[in-house]
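In the two complexes that follow, chain A is the common piece, with chain B as its partner first and chain C second.
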Partner chain A sequence: MSIEARERRQPWILLSPALTTIGLLLFVPLLFIVVYSFWLRTATGADQAGFYLDNWREALSDPFYRDILLFTLKIAAITTLVCAVMGYPAAYFIARSRGNKAILLLLLMLPFWISYIIRTMSWINILGVSGALNSLLIWLGIISEPMQMLYNQTTVILGLVHFLLPFMILNVFVSLEGIDVTLEDAANSLGATKWEAFLQVTLPLSLPGLAAGGLLCFVLGAGTYITPLVLGGPTDAMFANLVYEAIITQLNWPLGSALSLMLLVVLGVLVMIYNRYLGMAQLMKGLG
Partner chain B sequence: MGWQLIRGYALLVYVFMFLPVAVVVLLSFNASQFGSFPITGFSFRWFIELAQNDAILRAFRTSMVLGLLTALISTTLGVLASLALVRYRVPGENVISTLLIAPILVPEVVLAVALLLFLNFLGINKSFALLLFGHVLFTLPFVILVVQARLIAIRRDVEEAAMSLGASPVQTFFQITLPLMLPAVLAGALFAFTISFDDITGTLFWKPGGVETVPTQIFAMLRNSISPEINALGTVMIAMTVGLPLLGAAIARTISRKSGV
Partner chain C sequence: MSSVTLQNVVKRFHRFTAVHEVNLEIPDGAFVTLLGPSGCGKTTNLRMIAGLLDPTEGEILIGGKRVNDVPIHKRNLGIVFQNYALFPHKTVAENVAFGLKYRDVPKAEIAGRVQKALDLVQLPDVGTRYPKALSGGQQQRIALARAIVIEPDVLLLDEPLSALDANLREDMRVELKRIQEQIGVTTVFVTHDQSEALAMSDRIVVMSAGRIEQVGTPEEVYNTPASEFVASFLGASNILPARITGQDADTVHLEDPLFGAVPVPAAKAPALAGASRAKLVLRAEKLQIVAAGAPTPGMIAAPAFVETVDYQGQTVRYFVRVGNTQMQAINMIDERPYAQGEAVQAAFRPKDCAALPES
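What follows is the complex of A and B.
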């Protein structure tokens, strides 16, 4: 074999273990559940192979599923918005700080490394009946009986924001860091106020980072089922909870396949729109 | 004036991020027999009870073994793929990159369902092997992203110098490239371990009955109410997750200082 041919082959040898793993453990299984979603769960519990539209008819026409899908998108949208409003100024502060940026960023990333389940349950310590907030309010004499603050939509959003905020801040920070600071000075010297300079120069230039952070928050938020289980009430189930119910509790795997694919398509469309306009490179910057 | 406002706002965001975690640590040292306020005194009793809780210790062992194996496999696969992407001109590089990070782009629930159903169809039931396959799958993209970012920073002329002085490609890899890459490899492995150790979304789908990892064990214990033991376990995990990356960074710095780069 010539040296050039060997040189051409080498990267593929290096890539093949990873590509094979992802192909066999992700793409083939995804194709498999497409097939599985047309099978039928029979009364005896065995799954009947074939081409039945029953699962899809149920998943697409039952208002129960549609309502929960809309509820899920709503929760994810509010979470993303709150993350943007909370995260942007914080990221701006870190990016423009004269202090030690690395330490400021590391501090904010620490909670990101702390266990998701611990961070989620930690809100029970704050908002629970005998939690920090109720204890404080009773001690101050503002209330006499503890209030029930947990297990509703708001606490689900709160838990999600706490989980996802670092993703937003990191992405916005990365794009703010890439902006030349002297651009703002130039705008100022041309007569713009600080606020105008920010709105017309810095903000538009940082939008790709905001969009990347927003996409991550939305997709991760819309795909969660643990947060609603820990911090939500009985009516706060999100779409991923339906998938969990169908697969693990009811063992209705064909229906669970159809529901999973619905979630994949809805969130996949978002990722594709993002990819079409902004490309994946921005997302990689924030993740890497 | 405007800057003061932003600083105050950012401070509040920091408080929001840290307060719940701080309360977990605070309550884990509370002597009270309930895992909540009021604070009745300082005590290590919940850590002692934790160390004697067989279920938690078993979960801890499972998570450790799973995390270490996941890190080993993911890092090996990820480093090879990153080398190919950084060091060679591969046709269709963008497509390949997207394929390699696809496990991050697919919602984890969907990935979990697909893997469970497919491997079950192949006769692999819920088991430790299924957990390992799953964890390797979704940690791999993170390893590739982290290693790739670090790998780009390594200068190639050192390798070229070694080759021109007569080292074979294999010798060059083991004596030059690998030591230079070590911080990147360790960072990737640490990332994979942490993500695996922390995972619950996929793990709840894949774990066989009776086997618990630390997060699923905590989740199961939450069904009742927060026991002080969970707060103590939380404190241990916080110490670990905060300590491990710091330790990793320190090791990486020592290594890169020794190698003089």
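What follows is the complex of A and C.
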């Protein structure tokens, strides 16, 4: 075999374990779901194989699903915005700190060592009727009866921000780390104040990281079902909760499959639009 | 255009002192080079002048005014960074125009001034390109254009040529000097490269371990080094222990165990009054290797033999043994270089020597 032929094959050899794993664990199950979505759940509760469009018709025509899809996208968008506003300064602080950067990053990773479900549940102990905050307010005499602070849209967003903020910070941090600090010095020396230098130089150069973090937060936020389940009220169900409901509670796999594919397609389209207009390639152009 | 003055400037990082009690006067319009090995505090000094670092002690004056408390963006300095620090997301023209936006320059005037600066660095046509599309040498010129377009009071350059390859570096050296002379801006140039410093500077400030060793014109620091450090940092020097046998108005008489009596011009032997011992400094280029037995008129000679021959084309570097001391000589080649092991004479003119105090 010629050297060139070997060099051409090498990437594929190196990629093959990963490709096999992804193929078996992602694409094969996905294929099952696609097939399932065309089956039919009969009145007796059995699944009937075949090519039926009933599930798709129901998913696409019922305004109930449409409204919840829009609600899901709205919650994900608000969460992403809050994560960006809160996460950017934190990432900037970590990237610019000297010496203790490793410790700060470790602190950032710490929450990942605790189950996401437990982290979500912890808000019940903080905001619940007999939680820490109510106890404190009663003890301080500010209120006499415990307030119901949980199970609303705000707590869902709170839980999602709690879950997703580290992803945002990490992404922004990585892009800030890649920016030469002397660029800000150069801007200052040319007459820009610290804030002007940030707006003119650092912020635009870190946009790829902010965009990547935003995309991650949005997609993960839009696909979540645990946070609304634990922290949301009866009207705060998000789209993934519908899938959960259909598959786990009603055992209606065909409908659940169709709904989950619907969410997948919507998010996929959003990612594609994002790539087209805000995408990495576009933003990276100036960076060579 | 302004002078720059450093008065008793000290910079400490925690307990480490990077700059000790520096006093320096840089006249208006001068090209002054801070020269010294890596880590000697050159960049720290430059960053303090720039306002990127606060001096721990001492005063910094620009144009006679104390600037310790003036933030960098109000100092009106042009800085060229070692890695150029061009804004990668802005075009070349936007990069050069950057500083003008903060200077109340009418919009209509900006394009013209940017173009003038690009003409000055001889890259008139790259305004619409991005920095990444330019070569290292071109980026260097753009960084210079960006720094001078704002008509700074002082131009600060931190090893601006060190990222270029050797040929380009020499071209840029000439170019930089031409531009500096044309606009006449006070310039502080930082380098660890002695040939850059010698070629470009009006004055050289030789630094070592956070202290100034010597300030002088290139000829002064080269021919009359004020310390052993300066003598060995600027080119190769032979340093021999010697006894002072007498001093008169224009000569210091030294006695060296290898060469005997050496009368050194007093101008090249300052600060020896009252001492009994000194160090004889002889540049490698001033030590001539001549054939054994050949006459050496006007020179002081001693028998030697060649230990190592480092052939360099036009010149050759010899390591010769004189008595039990190894000496270095860099000579032009006449016909053929002497061979390793050959018995020769090492000779020099006493007026080429300098002398330093013992310690």
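The rule we apply is simple: the second predicted complex is superposed on the first by the 250 of 288 C-alpha atoms of A that agree within 3 Å, B and C clash if a C-alpha of one lies under 4 Å from a C-alpha of the other, contacts with A are read in each partner's own complex, and residues count from 1 in each chain.
As a convention for this text, contacts are C-beta pairs under 8 Å (C-beta built on N, C-alpha and C of every residue); 3 or more make two chains touch, one makes a residue touch a chain.
Predicted model, so just to flag it, every value in this text is computed and none were measured.
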Chain C versus chain B on the shared chain A, clash or fit after superposition: fit
Inter-centroid angle chain B-chain A-chain C after superposition on A [Cα, multiple of 10°]: 80
Which superposed partner A:I78 touches (first chain B, second chain C, both, neither): neither
Touching partner for A:L40 - first (chain B), second (chain C), both, neither: neither
Partner chain in contact with A:N188 - chain B first, chain C second, else both or neither: second
Touched partner set for A:L137, first chain B, second chain C, both or neither: neither
Partner chain in contact with A:L270 - chain B first, chain C second, else both or neither: neither
Broader residue contact with chain A after superposition on the shared chain, chain B or chain C: B
Touching partner for A:V201 - first (chain B), second (chain C), both, neither: second
Touched partner set for A:D180, first chain B, second chain C, both or neither: second
Chain B and chain C, minimum CA distance [Å, superposed model]: 13
Set of chain A residues, in rising order, touched by both chain B and chain C: 287-288
Contacting residues of chain B [partner chain A, same complex]: 2, 6-7, 9-10, 13-14, 16-21, 23-24, 27, 34-38, 76-78, 80-81, 83-85, 87-88, 90, 94, 96-111, 113-119, 121, 133-134, 136-137, 140, 142, 144-146, 148-149, 194, 197-198, 200-201, 204-205, 214-215, 218-219, 222, 226, 230-231, 234, 237-238, 241-242, 245
In the complex, chain A residues that touch chain B: 7, 10-12, 14-15, 17-19, 21-22, 25-30, 32-33, 36, 86-87, 89-90, 92-94, 107-108, 110-111, 113-119, 121-126, 128, 130-132, 134-135, 162, 165-166, 169, 194-195, 219, 222-226, 229-230, 240, 243-244, 247-248, 253, 256-257, 260-261, 263-264, 267-268, 271, 280, 284, 287-288
In the complex, chain A residues that touch chain C: 180, 182-183, 185-193, 196, 200-201, 204-205, 286-288
In the complex, chain C residues that touch chain A: 50-52, 71-79, 81, 83, 85-90, 98-99, 101-103, 130, 132-133, 146-147, 150
